[in-house]
Amino acid sequence: MTASVEEIRAEVKKLLDEGAVKYVIGYRNGSAGPFAAPAFFTGAGEADELVWDPTCFHNLARFLADERREDVCAPEAEEDGKKPVGVVVKGCDSRAVAVLLQEKFVDRDAVYLIGVSCEDGGVIDEGKLARKLGTAKVEKIEFGVDGGFVVTTDEGPIKIESADILDDRCVECRAAYPVVHDVVIGEQVDRKPEEPYGSLDEIESLAPEERWEFWERELGKCIRCYACRSICPMCYCDECVADTIAFAVTADTTADEKAQKIKWVERSPDNSENFFYHLVRAMHLAGRCIDCNECERACPVDIPLRLLNKKLEKEAKELFDYDVGFDPDVPSLISSFRDEDPEDFIR
Amino acid sequence: MSDNTYIPKLAEIIDINEEVGGARAVKTFKTVFLNGDRFSFLPGQCAMLSVFGKGESMISISSSPLVEDYLQFSIMKMGRVTSALHEMETGAVIGVRGPYGNNFPMDEWKGKNLIFISGGIGIAPVWCVFQTALGNRGDYGDITFVYGARTSADLVYREEMEKLAKELPVHLSIDVEEPGWAEFVGFVPQNVTDKKPSPKDAIAVTCGPPIMIKFVIEALKELGFEDEQIYTTVENKMKCGIGKCGRCNIGGHYVCNDGPVYSWAELKKLPQEY
Amino acid sequence: MEKTLKKDAFAEWLKKLPSYDVYVPVEDDGRFNYEIVGNAGAIDESFTNAVVGPKKVVFPQREVLLRFNSTNEKAPEVEEVLPEEKPAVVFGVRPCDARAVTLTDKVFGGDFADPYYWRRRNNTTLIGLVCTEPPSANCFCTSVGGSPAGKDGLDVVLTSLGDRYYVETLTTRGEKVVSDGGKVFGEPAADDKKAAEKVGTEAAAKVERQVEGVNDLTENLRDMFDSPFWDEESLSCIRCGICTYLCPTCHCFDINDEVLVPVPLTGERVRTWDNCQFPDFTMHSSGHNPRPNRASRLRQRILHKFRYFVENFGDYQCTGCGRCIIYCPVGIDIVDVLDKTAAYER
Amino acid sequence: MKKTGVFVCHCGINIAGTVDVKKLTEELAKYPGVEFSEDYVYMCSDPGQNMIIDAIKENDLDNVVVACCSPTLHESTFRNACEAAGLNPFLCEIANVREQCSWVHRDMDEATEKAIKITRSITEKVQLNEALEPISVPVTQRALVVGGGVAGIQAALDLANSGYETILVERSPSIGGHMSQLSETFPTLDCSQCILTPKMVEVSKHPNVKLMTYSEVQEVTGFVGNFRVKILKKPTYVDPGACTLCDECTKVCPVVLPNEFDMGLTGRRAIYIPFPQAVPATFTLDDKGCPGLLPIACGKCADVCEPGAIDYDMKPEIIEEEVGAIVVATGYDLYDKEKMAEYGYGKYPDVLDGLQFERLLSASGPTGGKVLRPSDHEEPKEVVFIQCAGSRDPELHCAYCSKICCMYTAKHAMLYKHHVHDGQAYIFYIDIRSGGKDYEEFVQRTVEEDNVLYLRGKVSKIFEEGGKLKVWGVDTLTGKDIEIDADMVVLAMAMRPSAGAAEFAKKLKIGLDKDGFLAEAHPKLRPVESVTSGVFLAGAAQAPKDIPEAVAQASGAAAKAINILSRDQLFHAPMVARVNENLCTGCEMCVMVCPYDAIKLEEDVATVNEVLCEGCGTCMATCLRAAIEVKNLRTQHVYDMIGACLVEI
Amino acid sequence: MNDRFEPKIVAFLCKWCSSAGSDLAGVSRMQYPANVVPITVMCSGGVSPLYIFSAFKRGADGVLVSGCHPGDCHYIKGNLYARRRLALVKELLEHVGLEPERFQMSWVSAAEGAKYTELIKDFVDTLRPLGPQAKLRRRV
């Protein structure tokens, strides 16, 4: 089971009614199939369009970057500008907010976090669903009353066990209950995955050459659409190594500065460029990725990006006992060290 | 050589003149083609210059087609390619492809008075048409030049301008007072208003920073110019120069093909996307 | 010229095309892509539509335009690099994707015909496969002038009739490929043509998604440039490049110099796909950006496809393949957006 | 393009013997941006430097690369030459083709190829270099000396005598340190108090010295030339101006505490003067022992104090001072008692440490200079001295040698013999380290004149039996087991950095060595400097040392401090971090990693205090958005250098 | 010249310890292979992962980062940040299948000329049998 959509709607309605928030970022039904889509609610009347189902994949913390850049819903009145933005956050999403708070990218009072506990639920994996159902046309996906999912196809509703179609990120989730929040809808749960890094077992068991072949094949597919970075709540940098143009240009930026912007990566989607981009991105997310797996979901060519990020999450935990996105007040992974950090790899 | 328009012709820089120094440096380059390549163009057209290893940049041709010895480009140091150009010395070889874009309809202007109004590096596209008009002096009526920059040190072609001032009305301006400056102080549009060129049988060609163009046009309208009498050029980021790469469009217009020259009558119909 | 081809003879046909790069849709974990194969057994008919259409064959994501080097101290040497004159044949082309190629033809033709594109295009034979079912629930080809059995851009059309294909050859390029096949083809039965037409008609009826007020689309979009509509619709846009990279009609590109060796300078001038949804697409080196936000970029995408392209080339620049809908990670749905323009109060 | 001049030094045959300098010069001449490339036999010679100067002028060079020896040797030489030619010195860089190339390779082809890569890579770097100006910082011409032992006193006197106002901070009520506890000093056996007291008085009376006893440095901010220090002045509850030293108060004080000065061999009252010669001469009320400072509970001292010098309401004070340089002389402590339980230390009253024994020997000590056993006040006839108690024992205790114990144990044994003529002194030792002027002779005297028995070996066990301390050991020279029935055992305990030194080092941002002593900037060449510029080390805080060494280092530290204070301005290397405000999102990660607290957030954007920044670049590697870079070693510099290293020749 | 494969190695040496240590190797006339081109940085803490990836991309067969021993850092703790950061880089490179031997980190003090010499010898010996690093290298 999971939180009730009515309660979420009621909360959103209340916030908008009271004018406590600028707007609320939540989910609506997508127009193109059974999946939910991000939605921006500005009036209490719209709250009934909000949905909560196992297709609420999106990590809505992503949109806080647009908010900070003032690239969204330009505040109409000064007064409005000071109000927080309401965001519906799952456990994983709340960890993203925790990292954004840790990095002071977002002020705590600039957001009103409407936490939703996933309880024993989570989001589904589209691929697993497709494999499970074949060509049947899916119309609706809901949480089952006592766990699992109910998927309605053109042939009627069927019950599917959670294990069959639950996304890997949820299988290995350590924060089904939001870690930071202003309100939480749903029960407090303390879900402990049996194997928090189980999805890495297979690749880690491969020989180095096999791993290389795996990644060469997978990253070779990359078309560099940058959806992985665009959808990532942590990829909020104005300027990225992948961009060859200097974005942060002001009247003071000299021609030399623009001319010297390093071309770390060419736009050519070939092997070394793709590797460089993905390696840098993985490093950049080390200690920051909270495993919302949005990059992998967004990827149109199905690169298992999660296996890169998850690896570093695991190493951060095992080498440095560092947990990402649980406490906004601790120093970040790479801006701290412990005296006992391992150095057996150093000669 | 192939007729593949993407392949630049090699050209040697034979002369470099440092017009403006400092952070917004401007240099004027004269180039001649190697390998017997030829290039015919019309006033207002542009060429894509290559610095190999750095890339390409679309630059207006400043010399007149009447000059056959060289092509001239006045370039402000701006980004990767223009900075590399500014680092070059005479004898260096660059790539040139083009010409691209449309041109000023100078044939239609025959018999008319021409007023050239430009600011800063905006003189580059105007200089070509201006020189061409001078070269065909008999075809046109009065020729007036209004030109301004932020400071006297930012004036491009200052020497040439001062020589020309002996032959025709040249109205220079700088934005703020400077010791020793005897001419107009203020913005270019104010200078236009001050000099009151007559709209009668006249064509105004203006180029400069967008904000200047906006106010020059207002000033000209005040003076009674019709939209059809005012011409300007537009710049947008370009990569191919031939209407394919998809980025320089203003609405359905591709500046590289359909521009850069527009009469104000044409341009005001287009969406504000430049 | 009409023929039939037994499905189990497909592999035979491929064997007869040794001089071609043969592209066939290949499945990888539920997603299809056109890949060069030595010998495919058959076209996997369960294939929905490839992630990236045959656009990549005629307009690859990366193409070297020229090579330069300055080993010689004075002038750099510049070498034109045109694609190899190697014929390619693409099997299993969906009508929407084939029609899309006719649209990129328009862009790369004209006054400055693009030699790279045409070198590939003229060497590419597109073998279509009529959709028996709409490949996805988000197909809307019939709204934008296409059909599951459309023939535009195809050289040969295959229509599945049980255990065999009905084969229509439309062009001389197609004839070559079919005649290379020689005896693998049979002659059609009398009612095969009818049966094949029926397949297309039935499939067309199953295309569920329709753009409302499609006839007024261009007109509706005419006065919407400055509308707040784009702000509202683009709120969840994350400015990634999926919609346009995967679009079979999108053709925008970037040109960059890639330095392979800094000293002595050696490198390539490379054209790569580019994308109007990327913020740097239109950014001047001064930092000024004529399309500075998501709204202006979404507007560009829609207006380009449904207004500017119509003005310049007389056609929508969209063939209704549905990829941008399927793959958009935030559920931006071009049909929905277009529908809303019809209803939008201007 | 900027015009680079490349100057290749042969260094006689040091470089030219392995690197084909002609080829190196020619290859560089072809490199993009290189306008001038020449070689010469000794670039650092006058003609060599003139060659550079002339070439800069004649070719209008924008920057210079000298391919020569390590930059640690001649970087400043060549930078000065460039400056002489009117070029900013930071536009000159050194390509190290000697230590990192010609000297470590034999094959000329390989070495030449590598030299070309190194020089090209430095050429790439220099082409991106900016002209920089050293950062000038005004200097507060005052000093702080922390620690009032002999080292601190000496440093303070040297500073004060040079005309600089000096604050001397001592945490105990009197200055003097451990030296004031000693009886006589080796090898001259002059009376420790007699030689120290005049210095103590001098420093306390010096017009340039501000003495702050019973005070602790709480916080140090700022940087060389401009430190801000917060000093906590603990309340003594006695007004030193009013106190007449009549001593009535101690007579009525009911609280007895161990006397630190006598190393706990005696007691003292809660209100006390540490020792008769204490400076400042005033009483202190130890609030840890006084019954809660509640006049209701006690108040006897105030009752008897005629001048009314006692003020129970005295509060701790925080005093802020600004100084330009800091000398740290926080001294040492002896190794913890608990850790020496194997020798019965702390368990048997007659097992003493060296300082306790000093007190027994001292005329002002608890026994008035008689050697008596603490347990029964009998004269010990058999005394065992054990050296290296805790030292040189990497398994169980301290790995290092405490250095002074050999000498003071010899002195102890000798003085014991002078007091107890019929007594026997045994010394267990590992080996005798008596390096120092007249030290070896002193040890020999102990053996030969005073018949002290040196036993080479370790003591395995000490236990009490029949009123004697049984000492079991082995004489490793003879291989025999030894058993001594001793009346007293004196342990030459290891020296440790004084308590709180580690914490204090943190406040100063100076490092500690592996043993916890304060780390010097360089073990050979910068032995009195810490890694933080403007902070200098003196005395046993840096490493175990004896009095003359401590005093010498104190004078050295003072001289180094004067070096700074004597200038109106300091110059700081300008290769410091710079923030691109457009990119900074204010995540504070750079702030967290900066070892010098040089980065602060101002209006949500990182701001670098250029004076504090040492240019390490950790911020640069940490910043997630490349918003902070070190001048003249920006990412771009390194990027281009990497490229040059990897191009095939 | 023989045909033996000569790996190209980029070494990032901190100025205060490792670069000084390599200077000492020079002063002591120790001999090691010429495959390493050193780049002196101020502190190992300033070595960005980008440098390492970029070196591999541009054709390095091996990359070495060397700093002061823990506790000896001229900048107090820069090397400890490097230790953590580069441990992750190493894990990541191995995870994608780069031969683990190709990236090395070491502590070399100013006094350890001999250690530096051994390190380089061993590194070159380890890389030789691996052949050129083609995985992350850009296509030429």
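Letters A, B, C, D and E mark the chains as written, and numbering starts fresh at 1 in each.
The definition used in the following text is that a contact is a pair of C-beta atoms (placed from the backbone, for glycine too) under 8 Å apart; a residue touches a chain by one contact, two chains touch by 3 or more.
Here the structure is a predicted model, which means the values were calculated and not measured.
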| item | value |
| --- | --- |
| Topological distance between subunit B and subunit E, in contact steps | 2 |
| Relative to subunit D, chain with the most remote C-alpha centre | C |
| Chain centre separation in whole Å, for subunit E relative to subunit A (CA means) | 35 |
| Subunit A and subunit B: spacing of chain centres that average the CA atoms, whole Å | 49 |
| Whole-Å gap separating subunit B and subunit D, where each centre is the average of the chain's CA atoms | 68 |
| Junction residues of subunit D, two or more chains touched | 593, 622, 635, 639, 643 |
| Overlap residues in subunit E, where contacts from two or more other chains coincide | 49-50, 54, 77, 81, 85, 138 |
| For subunit B, residues contacting two or more additional chains | 78-80, 82 |
| Subunit D to subunit A touching residues, read off their complex | 128, 580, 582-583, 585-590, 592-593, 604, 622, 624-626, 635-636, 639 |
| Residue ranges of subunit A in contact with subunit E within the complex | 203-204, 208-216, 241, 264, 270-273, 275-276, 279-280, 282-283, 286, 308, 311-312, 315-316, 319-320, 333-337, 339, 341-343, 345-347 |
| Subunit C residues touching subunit A - in the complex, by the definition given at the top | 28-31, 33, 46, 51-52, 61-62, 137-138, 235-236, 238-242, 245-246, 254, 256, 258, 270, 272-275, 278-280, 283, 285-287, 293-294, 325-333, 335-336 |
| Complex contacts: residues of subunit E adjacent to subunit C | 138, 140 |
| Residues of subunit C touching subunit E in the complex | 260-261 |
